[in-house]
């Protein structure tokens, strides 16, 4: 599991006085940095090897400005060329949002998916959880 | 069906040279304005009556700066207190992304869901599609 | 003068019930697209030739969700390698914000500024205003 | 001086491979939180007492994804009802951007500026620098 602490910004609020829902996919992408580094240790933008196929986010409770949040990031599925990232957003001991991102190992030059190398599969495996047990 | 034309911004691009995926939930929320108006004709922020329960987005093809996009918005399910919005993003004749938003008719003061009034159900009905046929 | 119509988004609001100030630099950059096209007619990202040196924005009146805005874009100074863009944001007949962007004709490969070609200077000239008279 | 560490996000990059300039006003607002707390210790959104009158930002060097940044926040002027915040963005030992925000002590109900109370002036004074000496 990877943990990232987020400080919500005043500009992240919306007119209802909460954090706007559109921030969650942004924070979740940011908190996938350690997963990106499995494939590109230096986050080399010239040699990016991942593409996002799908996301879903469930909004479980309202989120507030002025209190830190924690984003927890897990691997929840490892396939041949793709894998799933499960993420949760916690604030003051309450899970406020959770979601899944389906990532694909991808060659931008050839515009096609690629098998995930075995050594990376092993690293992903170390962060694998069963979502039912989360 | 509601249609909104979006002009992607330079700041919407990312280092891969495409539009970053995090913009799609932002655009989809913006394109739900006509649906918001069914419940709050003047978009009155003091009397907001909707809450977002869940979103999913599938990324089907890369999106580019410099060309207009169209967002198509449909109602795909009408329940007792909640309903689904199906949305598609098209650029140059290609469907680039699609997704669903589960919206709930909600009382922020009582922090609880409310039945959708019959007259609003009728309006939603006029925009209802079967997602299979989209 | 270039004019662009902006529809503020729900996610652009903040907890004070207005549009958050951080949107204005984003909208102003977007409304400089026609100026970018003077240098790169196809907005070719592989051959970008402009860099931003400085911005300022004055916030004159609160901005609201639910009403269209107009952004007016002018050229206010033409120098040897740089030029100024003057921009104004209007909503319901009231100027809500205005600002200046100092842009530099720039070679990213050589990381140095370049003279503005004479033919581009002529096009910029057609959009030149005296800021005092705006 | 207040210091805040920022981790740039993948979605903060643009097609030139750098961090897009529009992020800087967002980060600077976020790094003004400790200044907001002088006026509203709990960041109480129901009783907000500050309004932004003007910002400027100078972009001094390109900013990159994958490396932390530090934002340094100082008070650079204390007036009757308004004050200036000077901010700098550093990455890898290089000052990449700097700017000023003119903030006004403000009553949203009466829509008018208010004198800064003496006790807050004293706190602001403790963070005052001469910009020439920065």
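As written, the chains take the letters A, B, C and D, and residue 1 is the first residue of each chain.
The criterion applied here is as follows: a residue touches a chain if its C-beta (ideal position, glycine included) is under 8 Å from a C-beta of that chain, and two chains touch if they have at least 3 such contacts.
From a predicted model like this one, the values you see are computed outputs, not experimental measurements.
S.K.: Fit subunit A to subunit B on CA atoms, both being copies of the same sequence, and give the resulting rotation angle in degrees, nearest 5.
M.R.: When the C-alpha atoms are superposed, subunit A turns by 180 degrees onto subunit B.
S.K.: If I list every residue number at the interface of subunit C and subunit D, are over half of them used by both copies, so same, or under half, so different?
M.R.: Same: when the shared numbers are divided by all numbers used, the fraction is over half.
S.K.: Please work out the Cα centroid separation of subunit C and subunit D, and write it as a whole number of Å.
M.R.: Once rounded, the distance between the two centres reads 22 Å.
S.K.: Could you tell me the distance, in whole angstrom, between the mean C-alpha positions of subunit A and subunit C?
M.R.: 34
S.K.: With chain centres taken as the means of their Cα atoms, state the distance from subunit B to subunit C in Å.
M.R.: Here the centre of subunit C sits 29 Å away from the centre of subunit B.
S.K.: Which parts of subunit A, given as residue numbers and ranges, touch two or more other chains?
M.R.: Residues 10-11, 13, 15, 17, 21-22, 26, 29, 45, 65.
S.K.: Can you list the subunit D residues touching subunit C in their complex?
M.R.: Residues 15-16, 21-22, 25-26, 29, 45, 48, 51-59, 108.
S.K.: Any idea which subunit A residues touch subunit C in the complex?
M.R.: Touching subunit C from subunit A are residues 10-11, 13-15, 17-18, 20-22, 65.
S.K.: Under the touch definition given earlier, write down the residues of subunit C that touch subunit B in their complex.
M.R.: 4, 7, 9-11, 13, 17, 26, 29-30, 33, 36, 42-43, 45, 65-66
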